[in-house]
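Each in structure tokens, the structures are laid out below.
In the two complexes below, subunit A is the common chain; its partner is subunit B in one and subunit C in the other.
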Partner chain A sequence: MKKESSLDEGKAFCEKPVDFIKELRSTPIKEHGVIDLLGIAAFFLVITPLLSTHRITDFMIFCIFAMSFDLLYGYMGRLSFGHLLFLGTGAYCSGLFIKYISGNPLLAILVGIAVAGLLGMLLGLIVVRTTGACFALINLAFNHIGFFLVLSPLRKITRGEDGFGVSVSKLGFLNFNSGAIMFGFVLLCLLLVFYFLKRLTSSPYGIMIRSIKEDETRVRFLGYNTYLYKWLTFVLAGAIAGLAGGLTALNYHYVNPNVMDVNSNVGVVFACLIGGAGNLYGALIGGVTYMIISNFLPLYIHRWEMFLGLSLLIITFRFRKGVWGYIQSSIEYFIRRKSFFRSV
Partner chain B sequence: MIYTIVYGFSIGAILYFISIGLSLTFGTMRVINFAHTLTYTIGVYALVSLVAFLKGYFVPAAILAVMVVIPISYVIERFIIRRLYGESLDYTFIATFAITLIGVDAIKWIWGVNPYPMSDPIGKYLMFGGLSFPIYRILIVVIAILLFIALNLFFKRTIVGKIVVAALEDKDGVRCLGINVDKYFSIVFVLGSALAGMGGVLYAPIGSIYPYMGLSILLLSFAVVIVGGMGNLNGTFLSAFALGMVMSITARYWSQGAETMVFIVMAIVLIFRPIDI
Partner chain C sequence: MIEIKNLDVAYGYAKVLQDISLKIETGQMAFIIGRNGAGKTTLLKTIIGLLKPKKGSITYQGDEISNLSPEELYRKGLRYVAQEKKVFGNLTVRENIEIAAYASQEPIDRALDKVMSLYPKLKDFLKTKAGQLSGGQRQILLVGRALVGEPKLLLVDEPTQGLAAIVIEDIVNILSGLKERVSAVIVEQNLAMVNRLADRVHILKEGKVVGEIIDQSEISNTQGLEEYL
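And then the complex of A and B:
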């Protein structure tokens, strides 16, 4: 389903429609990104024995969320301070679906994605018109409204502050109560999302949203309807965050309003920046780094918020490209030096 | 109902104190200052310590607390905000948020996480036609109106104020006249922070004191600034009181919904009048 929509968008938005299937067949396997996917899977499998399976599952869910945020912030240049709203919506809708309608986990996740996507479609109509600070603030306001809604007026359904438990029924051999199956499923979702976003961001559509980041007015002068692209990106980012939310609900067997706490939004911004915004590997590295910091640093350093603040300041002033940016530029540097020595 | 109006006015007055600085910093420097209400929180905590130190004299403690805020805000301006002029909004946003994180954590370090109680320093009521109003709240409203008049005079009559107003309109134009705009910006920043500190000092006796108090009121004052127009001084005054009234009236009928109502108003305003920044 995901691959198809990527193809459709690629076709619809390209001036000269490229036959993606032909291209996919003709390109060598290296460029399909299979090696990347294997590498990512291997990375997570290698670090699992060092930490616990449950923790790594949590890390991967956060990575999915960080990638959806990166699509919005890194690729399209719209900083949102309320992206957790979509994660929370996904988590609540999946959880409520399991609690009240059926225990089928796959359906629940689909419901989470669909509702978060729908919410994105609705809010996107308003939000996407703004840029810069307004975009960040209006998202923050909506996140606040959402947090308030689950906390107080919908108290009878969502149980307010206490949250509610989510117990999943077995689905054939897929028993989501076991850690290993959950780990595998989340890893599969992560790889799917990564592949989907990788295709998407290197398609003409991806070039379009990156040009919107650079100079939106100019893109509009070229005759493109930038509003539509921004809206689509917002919806997609919302839907993927909804997927992360659904997985969160399944992983914790529990949903409470903390999943969309307004003040936690800084975490994902930090993750994207430290990894290097505008790159999927950056989002992955940043997600893992942030999760390691927030999970283990409080054990050793009592004032970890101060540490987070200081490192954010250092990133903004000295380290804007992030970890991945530095890796990339040093690789380029080495390649250039090699070719230089050869020519000498 | 009359109580609701008086409460609405006093909330509006506090919002005015805080958002005027935010509006000015945004209008002149194009910096969204997330750290703005940090000075508000610092003012409150300084007041807590000073009242204990001065054995309950409220007025000198309040004045000293506002004084404490001034050097701190100057340091923030000099070393962080000044580097962010002309940067993209995202980075200013993140950097100032980082300052807030550091500041709040420092407050937690020094004063602890538990909320402090504080009582109304006047504690008397004004009896009027069978109704009683707390004098303190009325005093806040009076101070806010006086401040509004004083600020208007400052911006219309003094040369510093005139330069700031001109810079709100056209920063480069003022710079072309050979005026060092950055110096005036730093004056405006310190002024705004001191006013936020004053708002905190005045609010402390009628509200609750905890380290994250700045973050919750920051969102409200952003709403005030957006509704009133960025850098629009009269608009900020009107929208602060209007939103204070919205909060107070909502709280009367639906007490948990007060803050959310403000955001709904802000969203509606943004839908009909998006600001391009």
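And then the complex of A and C:
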């Protein structure tokens, strides 16, 4: 009888992926790099004087988006060509909330996250049943639908390609129209997302989605309902992208269809590849690198996108693990070398 | 424990298994032998739910299981160790064991002890990525991982294929230690192993069961079995 109950508990665990929250709580905090958070904060604070506050805020928002994409692609192995749909949804919903309902920026961001998450829940029911090219293209198709919805059928609300302005009201002493306040708030969001994802990906849930990336059939042989895990990851990635969208609307005080332009999806794919997919540090490095390239290269090279193509070729042939993967391999190599010489 | 009746399996129009019937009792270690292409792996894949039969039934502890998914079969206590020695290469050895422990709600320490007791050398590799292990170590890890939780029936496909003699000995010893603790259906071409471990042998030829040996003296006669390989 005891064996039966143990099997039943196993069944419950496999069918309720939300149980990972219990596992998350039980993992010691120091294992999840509070020092890393300080390092990331210090990095963005140090580079701010070199560029403008607004620009660095934009960089950090893109990093949040890149981390959400990395959860889907780097950790779970599902490449999406339409992840910008969720960022756009977050941006539009936050913006429309401010325009038509309330100027409260925090509520607007929550609405952006919630609607993007809900959209992820709905689309995820269909999308996560597919893999490979099919997954990428179905996402692209939904992104196209979203883009044309805001452009044309919903133009009375969204004002079509002209877009609309977003002006937030003060929240006590917090004035989100101030660049410094916005910078601080986005930095806080970035650190929270990093911390959450860091804990999530090193929990049993993280092991699970990395295993799904390697071989989903074998994970099913271990008794897991992989569909639920994939769906949950899709929803989480969508909700975090929605947060990035809401922050984009607040940072630019303006929303137009460019926020979900399908062609811009290449940016986040590039960021993850250059930084190193399947690693949050990689997503951060890639995010910052891509933003530097896309912000500054056009000043010197007219068709700067060509440089992106060339870089992708170099990454594919020479640095498949990306910058962070290359750094990791080099460190491992030197440690091995050092221990070898010690033993000799 | 498990009974297969009049099972037909086909890949498209090509029939691979025809009218297969066999029965394995609790605690037995049954071996399936036969030449390449006889349908041994197909039979295991059908039992574990990867292939759907065209005809026939598979009952496990009295319940029909031919329409169950791999995860449902896992919960019933069936464990499949595939031929390709595919571990989760990018996870560490420890994580490979942990993922099985979470699935069956077995405490991680107990799961680790269980696997380490099979092959204590794995302790040195706990933090190593499983993809960096040798073929033999990977096979042992897979067998060990299948034992996490409360397995009742192991389905093992060619566990000694492509392994060095010394590693085969380790695997035979491990499987031998499992006898009577867990039932098993093992596909194997290595007759020395069959000789040492089998309680019964089913011979497959061109998708049909052409023989069933339960007499130990006949199982020990490897020369007699060789003609089916």
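As a convention for this text, the second predicted complex is superposed on the first by the 313 of 344 C-alpha atoms of A that agree within 3 Å, B and C clash if a C-alpha of one lies under 4 Å from a C-alpha of the other, contacts with A are read in each partner's own complex, and residues count from 1 in each chain.
Methods note: contacts are C-beta pairs under 8 Å (C-beta built on N, C-alpha and C of every residue); 3 or more make two chains touch, one makes a residue touch a chain.
Computed from a predicted structure; not experimentally measured.
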Subunit B or subunit C, by number of subunit A residues touched: B
Which of subunit B and subunit C A:R129 touches, first, second, both or neither: first
Touching partner for A:S152 - first (subunit B), second (subunit C), both, neither: first
Partner chain(s) touched by A:M260 [first = subunit B, second = subunit C, both, neither]: neither
Partner chain in contact with A:I293 - subunit B first, subunit C second, else both or neither: neither
Subunit B versus subunit C as contact partner of A:G309, first or second or both or neither: first
First, second, both or neither for A:A249, with subunit B first and subunit C second: neither
In the complex with subunit A, residue positions of subunit C that touch it: 48, 50, 69-71, 74-77, 79-80, 82, 86, 88-91, 95, 98-100, 102-106, 145, 149-150
Subunit A - residues contacting subunit B, complex: 73, 77, 79, 81, 126, 129-134, 136-138, 140-142, 144-145, 148, 151-153, 262-263, 266, 269, 273, 303, 305-306, 308-310, 312-313, 315-317, 320
Complex interface listing, subunit A residues touching subunit C: 3, 6-7, 9-11, 13-14, 204, 207-208, 210-211, 213-215, 217-225
Subunit A-facing residues of subunit B, complex: 32, 80, 83, 89-91, 93-95, 97-102, 104-106, 108-109, 212, 215, 219, 222-223, 226, 256-257, 259-260, 263-264, 266-267, 270-271, 274-277
